Structure formats: structure tokens, C-alpha cells
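Presented below is the structure to which this report refers.
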Amino acid sequence: MIGIAVVGYGYWGPNLVRNLADIASTKLVAVCDLQVDRLLQVQARYPGVRITDNFDDILADPAVDAVAIATPVASHYRLAMGALMAGKHVFVEKPMAASVEEAQRLVDEAARRGLVIAVDHTFMHTGAVRRMRQIVEESLGEVYYYDSVRVNLGLIQRDVNVLWDLAVHDLSIMDHVLRERPVAVSATGMSHIAGRPETIAYLTLMFPSRLIAHIHVNWLAPVKVRRTLIGGSSKMIVYDDLEPSEKIKVYDKGVVLSEAETGSELYQALVGYRTGDMWAPKIDVSEALATELREFADCIERGATPVSDGECGLRIVRILESATQSLSQRGRMIDLEDARKVA
Amino acid sequence: MIGIAVVGYGYWGPNLVRNLADIASTKLVAVCDLQVDRLLQVQARYPGVRITDNFDDILADPAVDAVAIATPVASHYRLAMGALMAGKHVFVEKPMAASVEEAQRLVDEAARRGLVIAVDHTFMHTGAVRRMRQIVEESLGEVYYYDSVRVNLGLIQRDVNVLWDLAVHDLSIMDHVLRERPVAVSATGMSHIAGRPETIAYLTLMFPSRLIAHIHVNWLAPVKVRRTLIGGSSKMIVYDDLEPSEKIKVYDKGVVLSEAETGSELYQALVGYRTGDMWAPKIDVSEALATELREFADCIERGATPVSDGECGLRIVRILESATQSLSQRGRMIDLEDARKVA
Amino acid sequence: MIGIAVVGYGYWGPNLVRNLADIASTKLVAVCDLQVDRLLQVQARYPGVRITDNFDDILADPAVDAVAIATPVASHYRLAMGALMAGKHVFVEKPMAASVEEAQRLVDEAARRGLVIAVDHTFMHTGAVRRMRQIVEESLGEVYYYDSVRVNLGLIQRDVNVLWDLAVHDLSIMDHVLRERPVAVSATGMSHIAGRPETIAYLTLMFPSRLIAHIHVNWLAPVKVRRTLIGGSSKMIVYDDLEPSEKIKVYDKGVVLSEAETGSELYQALVGYRTGDMWAPKIDVSEALATELREFADCIERGATPVSDGECGLRIVRILESATQSLSQRGRMIDLEDARKVA
Amino acid sequence: MIGIAVVGYGYWGPNLVRNLADIASTKLVAVCDLQVDRLLQVQARYPGVRITDNFDDILADPAVDAVAIATPVASHYRLAMGALMAGKHVFVEKPMAASVEEAQRLVDEAARRGLVIAVDHTFMHTGAVRRMRQIVEESLGEVYYYDSVRVNLGLIQRDVNVLWDLAVHDLSIMDHVLRERPVAVSATGMSHIAGRPETIAYLTLMFPSRLIAHIHVNWLAPVKVRRTLIGGSSKMIVYDDLEPSEKIKVYDKGVVLSEAETGSELYQALVGYRTGDMWAPKIDVSEALATELREFADCIERGATPVSDGECGLRIVRILESATQSLSQRGRMIDLEDARKVA
């Protein structure tokens, strides 16, 4: 059983605490937060758990094998690095860190010490996203595009733009579902609250192949939309996370090319359409966060690598950083240095 | 009564012919097409109408006051210019021409001769779009964004990319509904059929103010979507053209800024949310093309300027041309020279 | 080629005329209507077709092999019987006649003379309904229920209640899709326009097995709904005729019974739930009326029986008549005499 | 502060406990259940609350002013009567009791002792239902119909049919929203699990006026539907409880009658249609159960009558009992003795 301390008991921390208390392979050892009233809530619900407002207490506690960090992104690097240097495994909220440099250092430090670092990209562990990964691999053929709309009237943040808050989800889903890595990114957007970062942004990703991806995020939309289209040469997917039951629909639709002889041009390609059945596979509905935390504990015990490991977190931070740079340069396409075909 | 000849009896021409035959202020005089079987169809349905496969017959016919052109875009300039030079008024399908240069010449020629030139941006004459123009002006407050998704499994064209086929609709709606003109355009996209132009494209438009517009078009989508969000400081609109009855929904939603004094920072802006009623106004459902052709005839008779005149057609061609240029330059932002605030 | 005359050129007649003119195996010979302006419309569009306001002209015309009747229901019997007695085959709009007695006489007369009588239950010939018939037979298991909602703000009729106008569609679909015939009918409803028949009605049908059917029709609904649920022991269908593409969805859902030993009762049945994939088969979208008219001509040539023959039309009129009787008796369950299991 | 004990900690009991613990005007004193593991859960979460498996402990406890009963319906009468006889106020789950006789006795006993009895018809306290009551009163004109569909793949119960489980919600909403009381009820239905009560039922209610109501419930539906139409002479409502934000839509649609003189008949009524705007009012989204429990405590303190009092619970049980009787008599219309126009 892995002893785990949770740092940060604000919006997401309680979900970590509840799951860690329930999972058989983890033991919730301690909770750290700067606000006393939150700590008292923890004490009332989990009388056996240590509470503290001093992160050093966590680092010094030999019962703590791993630290789960659910604080604002600006503090991720300092807390995660502190935990690693104290020999603790790390589970950190998304986005992994505030810059590529920070994320890279965390990856390097964990590797040097042989510690597990996992980034909490929860969507990657949902039944829907895992099923899509399988469908894309088995049935989609050549993947033509990945297109996501994620908009709502959302909590406008002070320090990070809408890409770091919303597009981070799409980037993690893409990272899991697609077999290619993007090579360049362009983003346009606008801020509508004086002195705040962008409230709306549009992000295009280019890949080594003809695959193109686009993510559309907006904190000022009157309706909530969570819809992704993935188009392939053989099948196409519509993934709507707001659908209560049929989240994934797989369409047997596409374009058919045929050769034809015509008057002026020999062998001209004709384009036709193919329309077949639609199919909505049953989706595993178990809680993604529980799956993820079980996997984290299991990786620590077996010395394995989690699905959303530090490298994954770093890849996503790299895109977010480049996209933010592109935003400030009127959408200039930025090359992502390390882009490469998945082995 | 204005005598009108229709040139081109393919996909859209029959709609022009049917409406021109019905409208009280227009007289359908002649139909010109290169295919004899189409002309025979016209003859069967409209026995009194002259048919010809020679455009010069149209130009020479004194009963023809105006020519309506419904041919592929590559021929618009040649036919429209021929009509103007023969002293005929012109009603031409969208997009107006294949380049800014062509469109500008048509505008100039019509002006020099005092002839009416109208571009068939049909959506601008629908009840829904006219109602939105009114709502935007009266109720939206500062307009923050215009965001449109127009995707389906569509007829992939050989000569023009998906922007010229689909985004042209959104550009005409924007031209009518918004009070600002864009100053710069950026577009990314991809072709998925070898040797064909882009099948998917994403277009961002910047304006003098904080307004941002984005148009998302795709010929390879498994589902048909026609949805536009227009966000303002006071109200927000969702326009779904596929809804049979409630095409426009107006949401009383938005962001509220307030000033607050806090510990470390004096007068920090707080962001809150406002959610009120939703309202779907009744929409006029009369056929847009009939409205448009009646207005064209009326402008000829009264010497007035149509809503979608040559200048409007030119503005849209300018955006399409710059967007296509941006597409080939990895999304570089292109300045639109003549952008200006509407007086 | 079968020579056919159309009687009645009002709401539906033009669809018959257009299809009969197009179909290879039928020849549109004549059109009969009491209004001269309608006849002139026919003459303009179909110059070779005989027009008349005298039904006897149709009966006397040796070029007329069959008569298609698209007049108000009150006149169906008189016109159809006239045609049969003149030796003409008959294609008559739904409902077949205004009473069981009338419908029975038509069936008998056609049988005696060896003439084909077909009732235009168009829905029975749609791709969706034919596909459902196949799915019900192959995959549904025991059919538990058939449940249809067909409501909208509709044309309130003077002479027949909403059952004869709307439920007639559901009864014909059921007749085609289900393998059992109803044995009893009950209906409740209400009129909301003084002096007019019922504007809302609810109809329940009982069958020899545990199958139950219910039809819900309403001329005063603010939204249009066309949704049918068919539940079986193995699969369940949702048929939504307003869906543009996925009209039929087949759910792998149901109830699972298992035996369990409990404290007080031995072998108590436990009820559990099964949820699997959903599947929307591709539907043939060819025009149902054309399919139906081709089949009618084919049955005349080959001496065969159409799918919606006089017996089928009679079964549906019998239910409508009994349901109307039940309506006036506060929903009393009425036995349908001839109900029987399909051989 | 009113001291309250909760009896029954199964499906719904925890919601009562959580709310009673939070509300300022109530004090959660004790929880009673027959299963020890459930009581231990209570103890862990609410250390200061008394737990017991003996209902007599509750009755004997002077700190208990009121008892909230969340047990199976068969035990409601015994427990509620016991509480009343011990001088405790009663809050009982819906349906109030298993028969009219039981419900009537509870109403009488509470009245005799001057105790408050409230029935937990939660929907009556939602923002949506309260808003509909207001709209019906202010804007609907004459109410023509109330039509509800409440179907899903549901927990099939052993002892009560689907009406007692699902239609009970619609009956309570109707009781609150409409100004008339039903005078007769008819129900048809079917059981599809051997030895179990009806899994599907259709219920029609007649009123003194032209108002008709219909409730359609089904435990075997592949999709979840919660949709109610309320049609009036001036406006019509669509209430969809599954809509996340616009639960209520008010349509300015209807029928217009006009008098016209025609050839054969003098002053014949013409029926036309009226279509205007649609409007979705903002709905209060506070938790209905909390509203309800606060009102219960307030009624005890002020000696007032709750909205869903014993009389309301009795009216609903009367309809359920008569409907169940009608079910066993093939849908015979049963008169509801005490039906009366609301004063």
C-alpha cells in the first residue's frame, strides 16, 4: 500500500482525497493546505489523516511515499521538485508546470532518482477516450483531422489564458488517441477582460502527415459544447462528452476516389461519397480519477511508467508554451522542436 | 417590369428561373446554357421563354434589361463584364469573381455605366440573418466574437478550396450583421485529396476593436453542422440554421466586472457571471432568393443600391483571396488594406 | 405499361401525378378534379394528359387501366366502387374508407372482379419502416411494446378526428412491422374546438400476447414529434422520423432475469439490466410513393397482391372505427372481432 | 430549531440526512434503520447523531419533534401513524401510503392532533415546477392538456406497479401546476416480467372542463425521456427535465378561430394557426429537498400548512389507487369521488 499526501484542498483536492481514501492500494496519509478551515473539514471527514499547513512536514514524513499536488499551476514546479528531492513520487495536476523549462527539469529529476511522476490528465483515463484510442488504431484508416470545440461560460482566470485552462484537455486526449505528434502550432485569440489573458483562442496543429488538428476554446460562450470530430479515410468519430450515454459515435462515412477517363484529361480522379451505418459502442463509465490513481500506485510498486507520465506532461506544456508565443505574434506558425513519429 | 435572362441552368439556375417567373416585377425573358438537354427542360416548363446556347444572343436582345449569372466562378468575370458592356444590369452568383482584380473591375465598370450589380449572397436575405443584424445592433452591446462552424460531407471541388465554397456564406452573413470590417485575416488548412485544394480550413479575422471572428469549414465531416455563436457584452446569440423553427436563440448571459478591495491588492477587478432568460424570436420564413430578386428589380427601377452590391461582393472576395494566400503561408496574418469602420 | 388516371389534384394528388409521369411502368393518362384552375395547372405542366371535371369520363376511357384516388375520405367509397365496377384497378389514399362497412364492400368487390386494390399507406414503403420490419423479425426477440408519439400544431379537420388523420400512419406502420394483430382497442381524447372532432387522442391496443401498443396524437402541440419506441426482450428500437440521417437506432438494452435463493423465499427472480452498443443502420432513402406506385403497377401486371392491399386498409379502418367508438364511451375497451395471429 | 429523526437510510434517506444536517432551522437528532452497516456509516459521518435499529427509541425520544420516513411504501402507514400517535410531526416519502384508506387515516390523525404532515413530492419544490405554476396561471389562458412522458430503463419493483413509482411524480406536478382537480381516471398497461406488476402504463385523467391529462410511464425504455407538454389557448409549455439549462420553453403558439361566411354554410368557424416567439425563463436551481425541508420546519414553528400536505398526498394516492383498479379492468374509466374545482 502506497502512502500518499495530498497538497492543496481547494477545487480538485477533495476528489483526490476521496479516491485515495477508497482505493485499496493507496493509503491517504496526510493533507496539506494553507487554509485552516479546509484542514478542519478534512479532519472531520477523515479523522485518522494527518493535517498540516507546512509542506515541509509532508516532506519529512516517512509514511509519505508519494505526493499528490492540486495547487495553482504557478506552484507546481516548486512543490513537485521539493517532493522529488525528498525522494517522494509525484502525482501533479495538469498542466504539469508553467513552462517547458520547469517541466523538463521535473522529468530529468524524476529520471535521475528513479521516481515516478504522473500528470493528472484525467480525460486520458476515461472510458470514452480509451475506447477512441482503440477505434482510431483499428478502424479509422489514415487520420485526416482532429477537431475539438470546448466552450462555455467559464471561470475566467487571472494568470493563464484559456488555452492553459481548456485546450490542455484536448491536447491530452489527442496525445493519447493519435499515433502522430504535432510538429508546429499556430494560435489566434483575443482577451475581452481588460488586463486579463485571452478569453478565446483557436489553435491549429500541423503533423508530419496530412493530419491537421484544431482546438477551439472560449470562456465567453452562452452554451456549453464539448464536441470533437476525428475524421479518417475509413471511418469518422463524433465524440460528445455532454451526451449522457452515447458519447462516441462512429460513422461509416467517407470519400471514395475512383479513376475515370474523360474527354480532355485521361484518368481524372473522381470523388464520390460513401455512407453506411453509425455505431455507438458501449463505454466503460468507471471514474477516471480512480483508474488513474490505481495505475499511479501500481507503477510505483512495479517500477513501471504511467500512461500520462512526465514526458507526456512535458509534450503538452511545450505546445501550450509555443501556442501562447504564437498568440502574441498574430498566429505565426511555431515549430515544435522535438516532434517525431511515435515509434 | 424588368426583363431578365438567366445564364447557367445547372444546380442553382433553376431556382433563379422559378423565382423570376413568379415575381411580379420581373419578366423571365431568356435562358442560356451550353447543354441542349437543359434548355429543352426550360422550354417544356416555360414555353414562352427564349432558349439559347449563345451568350451573344442574350447580349443582343433588347428585351433583356438584366442578366442573372449562375455559372462556375471562373466564368463570372467574363460573363458579367460582357453583360455590363452591353448595358445590362447584373445579378451574379457568389463568390462574385475569382480574384480581387476581377471583382474590382466589375465594380468600376458598373459604376461608370450607372448599372446595378448585385451578388447573390442568399443568406443575407434570410429572415434569420436580417433578424440577427437587428438584434446585434439593438441588444448585444460590444460585440466580442463571431464564431461559425459550417461542416458536412460535401461536394469536394476541383478548382476552389473549401473557403470559396463554404466560408463565403459566413463572410456574407458577417458583412451584414456586424458593424465593423475586418482588418486582417489568417487561415490554416489541409487538403486530403491528392491534387485538390484544401478540404478543411480555419479562418481567423481581426478587427479594429477587440472583436475576433473565426470560421471553421470542412468538406469531410460525418455530421452536418451550421452553428454560429455571436458573443456580446450584454447578450449572446446562437444561430443554428439546421433548427427547423428556433434558428436564433438570444441568451441573456455574460460576464460582470466589479471592483473589489482585497488584502494585498487595492481595487482588483472581480469577474462574475450573469445568467438570465433565453429568447427565440419568430423568424420571417419567406424565401430569401425571392426577396433578393425583388430588391434587385426594385433597385434597377429606382436607381438604388442593393444590400449585397458589388462593393460587398468585392469585400468578400478580398478576404477569400487573402485567406487563400495565408493558407499557403502557414497561416501568416495578412492585412486587408481597405478595412475601415462602417460610417 | 399501366394507364392510370388521378382523381383529386389537391394536397396529395400532385405527388401522385409527378410520380406516375416519371415511372417507367406507368402512363399518366388523365387527371380529374372539380376545380378548373387545378386542371389548368395540370395541362400546363403535362400537356399530353387528358383533363376533366367529370369522373364518368375517367370510367369510360379505355386507356385508363387503374384509378388513383386522392380526394377527401368521405368520397373514397363512392369513387373507388365506381372504378371497380367499371373494371378499373384502384389505388386509394388512406384511410381506405369512412367505415368498416365501406372498406369491406370494396375488398369484396375487388376480389369478385379480380382487380387490384391498394391503399396508399406511404410510410409502409419507406426505407425506415421496411428496415424496422426486418430488425423486429431478426433481432428484437419477444416484442413487449410499440409506442408512438405523433404530435404537432396541425391542420384541424372538420369531419374526422385526429386518429383518422394522424394515428392512421402509426397503425399502418404497426401493421407492417409487427407479427401480431391487435385484439382490442381503447381510446381517450378531447376536442378543444367547439363543434369539431377530437384534437387530442390516446389509443391503446391489446394483443394476444403480452405486447401492448399505444399511439399518442395531438393537433395542438407546440413542437413536432414523430417518435416511436419498440421494445423487445433482446433489443429495443427508437425510430425518429424527424432525424435527417439516423432515423432508426437499435439499442442492445434490456432486462435480465436470474434466479436467486434468498432468506424467506426460495428461488426468487432477480431483475437486472443489460446495456450494450447502439447501432443506427443505413436507411434506403428512395421516395416511398414511387416504390409504392411501381409495386401497384407490377401487381396489376403479374396478378399479385400489394403490401398495403384492401385487407390491410380494412384492418386499419376497423381499428379507427372501434377507437372512435371507444372515444365516445370514455375509453371502454372494444374487442376487434377478427383479430388473429399472422399465419 | 426542530429536532428531526430520519427513519430509513437506504436510497433516499442519505439525502434527507445530509440536508437536515445542513439546514439552520433543523437539527438532525437520530437515524433509525434495520441494517447495522448503514447505521455505522451514519455514525462515521455524523458522530453526534443518535443511531438505533428500534423505531420505539425514536418515538420515546423527547428531542425528536418530527420524524422523516424514507422506507418502502408498505411501511409508511405503520411508521407515520406511530409517529403521529407519539405526538411527532411527520415528513413521509411519496407515495404517502399504500391505499386511500391508510392515507385518509393519517390525514385525520394529524388533524385531530394538530400535527404537521408533509409528503415528500420533491418535484413540487423545484424551481422549474414552481415557475410553471406561475406561467400557467398568468399566461396560458384556458388549459387544454397536460401530457407527460416519463420513461427509462428503470428499477423494476416487486410490489408496486410503474404508476406508483413514476406517475406519482407527474401527479404531484399536475397537482401543483393546474388549477383543476381530475374527476375520472383510466389506465391501461402491461407487465412483462412474470409475477411482477405492470412495467408500462398509460393513464388518462378527465377534468370538469375540456382539460385532459395523460401520463405515459415505462420501466423498459432504451432512452430516458422526461418531457411534459402543457397546452393552453394562449401559450404552450414544453418542460424537459433532462435539459441542463433551458428546462422550460414557453411557446407563443396556438389556434385562432374566426367566423367566415361561405357559400353553403353561414358563419362557419375557420381555424388558423398562430406562431410567435419562444421564451425560456431562467429557473431557480437551488436544491428542491432543502427548500422543502425548510418549509416543513417553518410550518411546524408557525402552525402553517405545507404545500404538499397530507391532503395533497391523499389526492395522489386516490388517483393511483383508482388507476390501478382501472388497469385491472381493461382501462375502465373510474370516477374520483371527491373531485372538485379548486376554490
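Chains here go by letter, A, B, C and D, matching the order in which they are written, and residues are numbered from 1 within each.
What we mean here is this: contacts are C-beta pairs under 8 Å (C-beta built on N, C-alpha and C of every residue); 3 or more make two chains touch, one makes a residue touch a chain.
Remember, it's a predicted structure, so these values are computed and weren't measured experimentally.
Trainee: Look at the interfaces B-C and C-D and say which one is made up of more C-beta pairs in contact.
Mentor: C-D
Trainee: Based on mean C-alpha positions, I'd like to know which chain lies farthest from subunit B.
Mentor: The chain lying farthest from subunit B is D.
Trainee: Taking the mean of the C-alpha atoms as each chain's centre, how many Å separate subunit A from subunit C?
Mentor: 53
Trainee: In angstrom, rounded to a whole number, how far apart do the mean CA points of subunit C and subunit D lie?
Mentor: Distance between chain centres, rounded to whole Å: 38 Å.
Trainee: If you average the CA atoms of subunit B and of subunit C, how far apart do the two points sit, in angstrom?
Mentor: Here the centre of subunit C sits 43 Å away from the centre of subunit B.
Trainee: Find every residue in subunit B that makes contact with two or more other chains and list them.
Mentor: Expected reply: 223, 245, 275.
Trainee: What topology does the chain contact graph adopt: line, ring, star, complete, or other?
Mentor: complete
Trainee: Sort out for me which residues of subunit D touch subunit C in the complex.
Mentor: 144-145, 147, 149, 151, 153, 156, 184, 186, 188-196, 199-200, 202, 204, 206, 210-212, 214, 216, 218, 220-223, 229, 231, 236-238, 249, 251, 253-255, 257, 269, 271, 273, 275, 330-333
Trainee: Give every residue of subunit C touching subunit A within the complex, in rising order.
Mentor: Per the touch definition, subunit C meets subunit A at residues 245-246, 252, 275-282.
Trainee: Can you tell me which positions in subunit B touch subunit C when the two form their complex?
Mentor: Those residues of subunit B that touch subunit C are 45, 223-224, 244-245.
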